[in-house]
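Input: structures, listed below.
Below are two complexes that have subunit A in common, paired first with subunit B and then with subunit C.
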Partner chain A sequence: MNSSAARPESANLAAASLLPKRNADAILAGSLKTLLLLLLLLALVLPLIAILSQALLDHGNWAGSAPWVHLIDNPNFLPMVGRSLGVAAATALLVVPLAYLFAYGLQRTLAPCKSLWRGIALLPLLAPSLLPGIALIYLFGNQGLFKEWMNGSIYGFWGILLGEAFYTFPHALMILLSALSLADARLYDAASAMGASQWKTFRSVTLPATRYGIFGAFCLVFTLTITDFGVPKIVGGAFNVLAVEAYKAVVGQQQFDRGALIGLLLLIPALLTFGLDSWLQQRQRAQMSSRAEVLRPRRHWRRDGIYTLILLFISAALLLMIAVAIGASLVKLWPYNLQLTLMHYDFDNMDGGGWLAYWNSLRLALGTSIVGTVVIFTGAWLMEKTRSSPWLGNTLRLLTFLPMAVPGLVLGLGFVFFFNHPDNPLNFLYGGMTILILCSVMHFYTSAHLTAVTALKQIDPEFEAASASLKVPLWRTYLRITVPLCLPAALEILRYLFVSAMTTVSAVIFLYSPNTVLAAIAVLNMDDAGDVGPAAAMSTLILLTSLVVSLLLHWGLGSWVKRTQAWRTAGKQH
Partner chain B sequence: MPAAQAFLAIREVSKRFGAFTALDQVSLDVRQGEMVCLLGPSGCGKTTLLRVIAGLERQDQGSIHAHGKDISQLPPQARDYGILFQSYALFPNLTVGQNVAYGLSALGIPRTKMQQRVSEMLQMVDLPDSAKKYPGQLSGGQQQRVALARALAPSPSLLLLDEPLSALDAQVREHLQLEIRRLQKQFNITTLMVTHDQEEAMVMADRIAIMQHGRIVQFDTPERIYRRPATPFVADFIGQANWFDYQRLSPQQVRVGALTLQIALGAPSTDNGRLFCRPEAIDVLPAIHAANRFCARVVDQIYLGDRYRMLLELDELPGQRLMADVTSEVRARLPEVSAERLWIALPQHSLQLFS
Partner chain C sequence: MKTTVIFKLLATIIGTGALLSAHAATTLTVYTALEADQIKAYQTEFEKTNPDIEIKWVRDSTGIVTAKLMAEKANPKADVIWGLAASSLAILDKEGMLTPYAPKNLPSIDAKYRSAANPPAWVGMDVWGSAICFNTVEAQKQGLPKPTSWADLTKPIYAGKIVMPHPASSGTGYLDVSAWIQMMGEDKAWAYMDALHKNIGQYTHSGSKPCKQAATGEFPIGIAFEYRAVKTKKDGAPIDIILPSEGLGWDIEATAIVKGTKNLDAAKRLADFSASRAAMEQYEKNFAVVAVPGIAKPDPLLPADYEKHLSKNDFVWASSNRERILTEWSKRYESKAEPK
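Entry: the complex of A and B
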């Protein structure tokens, strides 16, 4: 031990001489994470603070209850809240049971052509929420095919209900599909061994195991409906709801405070849903033990037959809406003159933005998907695979989950209040494409982030440690190992961001300028101007673009990945 | 051992995770070319210690010196070691050859030399024809051999092994234990291995550090750890043990229940405590005048392949079971057990006392 007394000094010297080149990796990771934090602060936190202060402050002072009282004093306001809640609850009550039946048919029966039904059910994700509204007008509106059925009452509650049902169906379906995919075959064996009837088994095993999924789907549909204004804008008629009111207040009447207040109100169900959902997810996780056996449905002709009919019926209803919108866009005057024509696609001779809007949307979708994939995937990797202080790590985690809880409408309003502020040095961004891309990346951040995290969690946690021991810089392992391994997930993020940016209306509606008008917004404007045919045509174009890009990414790039990444298939020979 | 001779010197390293103390003032010296195993139950801190040495976790206190240089604050890249994980951590999208070359490319070695080194390394781990294959096409044992080649390719001065064999079948594991041991001696590379498998530690290590609750409780050769465990925990953790409560009667005698046992001189002079005896130390064919000779009843016999384990009950210690391991030859020489009773002896030198 005597010899060690002299050591500390020399050791410190050695450490000091190494200090300059010390930990290039940590510096890189640290600065990138700081950049990400800055981005999230700038494009998420500050806009949200802006909408809060717009709503709650009066010239810098706490406004107290005055603005709320003013809002509620309007005799139209409380009935409007009631209408919003009512239609959202009704949509959830309609969609969740249907989506449950659909998901049950796909996961728990031997119905034929499952991937076809699944594909059809997910189609609404590729269209703006305006499309079902337009389709409903063509079906049940004043010039509708089945006008007599609804007798004009499609404009209002029933129109919103059906339109939102179309728009929210795939969202509910995805939650319920994953809830029903978790099943422990041993429980079902036990139930049938004890002689339980099918109904009893369903009530005592299936339903309890999926109740969180049901609840989650219910909350999601409710929130999506109450914050969406695409459908009510088109078929709402005089049935005024909060989301449309916020839009009108800001865009039509320049009543920013009123818009902000309503925006805050809409944030409440979203935040509640978000909180409940994350709480429930933690409980759900504990439910499924690792020793569970996968349930494989057995042939049961009567059940399979009934579910095939259900799948067929719902798919047909969804397809009908899409087919009507596409069909109406291709004929002269629906439904009186069914001569085929492309005249509705002659956007340049119409109001609403013309082809410029379409190209802008493509630019936005490309920009959002490329920038978003790089930022979100790299961010997820930094958070998952590099060490950070608990403070930074937790802050980033919280901020990446926040966008899920913020409706597009609220985010868009926040952007307006923050970036349009005359004192903001970033004011120049307002009205350009950059701010639209920024807003879209933030809007869809969480889902994309979760996809990336799931993929990153599946790769060996020791890769970074192994490469560090081999003295390879962090960025090199990221590009050479991590990115190739996660390429399918990255492509899925790319696809999701592209489609979302292509179809979104809610956030960007407050941010576009005449130069950056977007396709989905053009749909809205053309419908406003009474040009329903062109609106249908533009919706069709958006749907087709999303579809083509999705299929390209799925098959085209998918097979390219398989060909260039020989190791993916090589392993299977073993 | 003087610290100056140590290749790797760990001094009073502590690490906490929240309220949990993973490492509590751990000090350890590893000589150049030595193979040391960190052995202990899960949660004892052995993996944390390895990760602290690797720079993958940062210690709260204490220092780590390698080659007489303080590496306590260095990032992993600057510490010069190779590492093996339980999961192999081979890059699935690179071929075996590319995996082995991964660390060489960072050193800026010319391409032809790199290729040469790669085939040399693959030759050494007995996988000369696998360079073009992907890790997914190899078995677990082969993958871990590739990982070993990858770790050794840049000629690091230290090799860290984090339970490298736990995921493998027993047969492959035994084979690889000897393989790693052979290469370790051939390279004369200082090696630190984490394991929870005492047999593996015995087979592979020059010295074993037994860890418990974030501390090293004994650091010694496998033989001395087995024969002279420093604490009851070590005695229990390594091998099998029979335990008795004793009271001291005289320097050479203790009382266990109704028995009086002769003990070797020099045992700790506590008045009472626990006494232990390895099952294989029990003599089932004692000479008539052997010390500590008692009559026992055979409760059960378990066939273990290379030996029998007899469960005995001494007449004077009813209710307490005694394990005796007996080779097949010895068992064959036992008198035809009448009423399953026999004489046994507890040799003095095999009894160890703990306070």
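Entry: the complex of A and C
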């Protein structure tokens, strides 16, 4: 197919043109990479420098410790740091064991309906972090379904703990699923041959093999919780935490310096996690040797039964939160008038931005997913499959990993300081949709990039070599071979970016203008105004939109994708 | 230092990129603390006579709009402020951020409800005052007697049952605090707030939320304002509206033109409209007292002599002491932020 496409050109060109052709490819790849580097500098590095200098400089001079002293001088500040650390650690201690049990049930037992449980457990990813907060008010608030259980104490520590547990569960689960996915069956055979009990086997084989995953999940949950302000904003009550304080300082009191300082503090756990995690990953490489045999769980009735109950119980708890939020959006006046109504969906008569917010969110999600997929996938391909000077490749590699270590709140503030600077010629972007798309693409860059890299690594590098020797231009190889081969990964990136942009609050909260108000932000504003029903309604709408788009991409495009992927199974049949 | 170099570099690269913003109709950026459910009617009425002016709203609660305007002092983004507390506008006036203007209907505006200067820096629209939303169903269930005064709210029986707006972010919160201090004197007022703080379940961001929370019984007593109380009751919530016997805190919602606006003519037309009879008839639908006397009709849910319930209020005092009071308030009540 490709050789025929290249034939007319090769007929017309002399053999000596091989060199310029190669050069054209190199120039194309080089300039595209430079463009990517510029983009990352502009939308990632410079905003981060901006927030650093905002926090650390005073009119261009080193501000020293003065701003920090001023920050800590406030008697409310250190207790607040303590509360933030405490609730984040408590959340991690609650979520990681639960997620471990869940992942163990899915990977190491023969519990039934695994894909159902898995699907339910990933549902929280489709909702903004405000949804669990709202659900908790209806469950355990002073007028909640189970108000006797908490007796009003849901506002504060317990509310944040439970809300964040819901929000972070799927994140921890994904890490632990992959940690538990592979195991060397020989170790388990050896353990059982030596007569080790199940508990002993678990302690000496399973646990050590997954300790990096546990650690990674713990750090991720901790970081997500300490930097999230959706849940504490809604059910935090008087339990002030750092993330809400940064939000209040900037959005409420226009104290940008204070916001920047707290933002930097929130960067610390994220950077520590990132550093430790990459160090640990390097150490973990040698875990599975080439001789390992893949462990397949065997039927074990009692264990399978217990794990089925665990899966059922956790899934039910997650579903209950979602069901309560949906129910709250449909009830006229909780708890006095339980008539069903759609009046809470009449967003135009409420605070928050009305239906415009919803349409804006759709625009943002579409823009982010399309632009993001093209940029990130092409970027990953350029980095994996084309050659360039080592410094360019290394710089790009470093920069594509940076977003993972930067919480949305910090990135959003950086964007404010950089793009809203009166001297910045890009200032006109401020307040528009473009800046929101740019910020969202950067915010979710790393995960999408890693998905693309994994898919690209599976493609034989011979394709590029063969095409080059056939004198097919680089871009044609990319569009006609690489992209179709990697279609599932590209669609997964598209889905991930869409859902993330639909649900995110943390980065964009600092960047929206009245014309670009977003659905998740509307949820926050409606709750502020006391319209909890409409806030639940908008959360429901976000969840349903994410769900529909995910299912469409999964089923609707699934069959079409399968046809392009026939090569994967074809090879395995003989 | 270094940043300016980067920006200059960027400027040369992008060149004329920023020139792409030209509009046919005049767009006014209007900052407001009006309630979302009021804005639409006001805007429709304005557009009837001014179809060539498009309004771009920036809406938030009083404290936040004020903070935003102060933060943008060097480079104001707003053209007009339509519907912000007079105590906030007085601060902006003191900072020299407003352009005085006498709207066409000024002679019929009550002298109490405009700034004293001539031409006035701000012109009132309506008066909003505090009101307590009291959930009767929950009261019966929990055996709570109906409070009738501010003093009643400090009784131990209401512990954890009361919500009020945060005075730093909400204009309604501040007018209460300012009224208590003016009515009781500094020392007694702070002692009162210390006692009240023990009963407060939550300080909310907006002035409407306490009444909405009272409506659902989440917290049975909400210190809010009369527009939201009346609206919530009309929507079917089981609440009584209580006007505390000592007198109500109140403030004026007012309009002003921001100094440095590039659309001065359009801004003046909006200021004219805001003071006009047509606008007052819109305000009247929501408030018991409007700036032009004789327009407001009594609301059956509020006493006919509502205006007499308003306490004595010195705006100059309320605005010049705002920062000091809020700092003291935050020191006293935000540090006690223990989980409840």
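FYI, the second predicted complex is superposed on the first by the 540 of 574 C-alpha atoms of A that agree within 3 Å, B and C clash if a C-alpha of one lies under 4 Å from a C-alpha of the other, contacts with A are read in each partner's own complex, and residues count from 1 in each chain.
Convention: a contact is a pair of C-beta atoms (placed from the backbone, for glycine too) under 8 Å apart; a residue touches a chain by one contact, two chains touch by 3 or more.
Quantities reported herein were computed from a predicted structural model and do not represent experimental measurements.
Novice: Determine, for the superposed model, which of the two partners subunit B and subunit C contacts more residues of subunit A.
Specialist: C
Novice: Regarding the shared-chain residue A:Lys471, is it in contact with subunit B (first), subunit C (second), both, or neither?
Specialist: The answer is first: A:Lys471 touches subunit B but not subunit C.
Novice: Using the superposition on chain A described above, determine whether A:Ala26 touches subunit B (first), subunit C (second), both, or neither.
Specialist: first
Novice: Per the contact definition in the header, classify A:Leu426: touching subunit B only (first), subunit C only (second), both, or neither.
Specialist: second
Novice: Tell me the contact category for A:Gly275 with respect to subunit B and subunit C: first, second, both or neither.
Specialist: Once the two structures are laid over each other on A, A:Gly275 reaches no partner at all.
Novice: Tell me which partner A:Ala238 touches in the superposition: subunit B (first), subunit C (second), both or neither.
Specialist: A:Ala238: touches subunit C, not subunit B.
Novice: Where does A:Ile137 make contact in the superposed view: on subunit B (first), on subunit C (second), on both, or on neither?
Specialist: In the superposition, A:Ile137 touches subunit C alone.
Novice: Given the touch rule stated above, what does A:Met350 touch, subunit B (first), subunit C (second), both, or neither?
Specialist: second
Novice: Under the stated touch criterion, which partner chain does A:Ser153 make contact with: subunit B (first), subunit C (second), both, or neither?
Specialist: Touch partner of A:Ser153: subunit C, not subunit B.
Novice: Under the contact rule defined above, give the subunit A residues that sit at the interface with subunit B and also at the interface with subunit C.
Specialist: Dual-contact residues (subunit A): none.
Novice: Which of the residues in subunit C end up touching subunit A in this complex?
Specialist: That would be residues 1-4, 6-8, 10-11, 13-14, 17-18, 20-21, 35-37, 40, 56-59, 61, 63-64, 67-68, 70-71, 75, 137, 160, 168-169, 201-206, 208-213, 215-219, 235-238, 334-340 of subunit C.
Novice: Within their complex, state which residues of subunit A touch subunit C.
Specialist: Those in contact with subunit C are residues 46, 49-50, 53, 60, 75-76, 79, 137, 141-143, 152-153, 155-157, 237-240, 251-254, 256, 332-337, 348-352, 421-428, 514-515, 528-532.
Novice: Under the definition above, what is the set of subunit A residues touching subunit B in their complex?
Specialist: That would be residues 1, 3-4, 7, 11-12, 14-15, 18, 21-26, 460-463, 465-473, 476, 480-481, 484-485, 565-567, 570-574 of subunit A.
Novice: Once bound in the complex, which stretches of subunit B touch subunit A?
Specialist: It is residues 2-4, 9, 11, 54-56, 63, 65, 68-70, 72-79, 81-83, 85, 87-89, 91-95, 102-103, 105-107, 133-138, 150-151, 154, 156, 160 of subunit B that touch subunit A.
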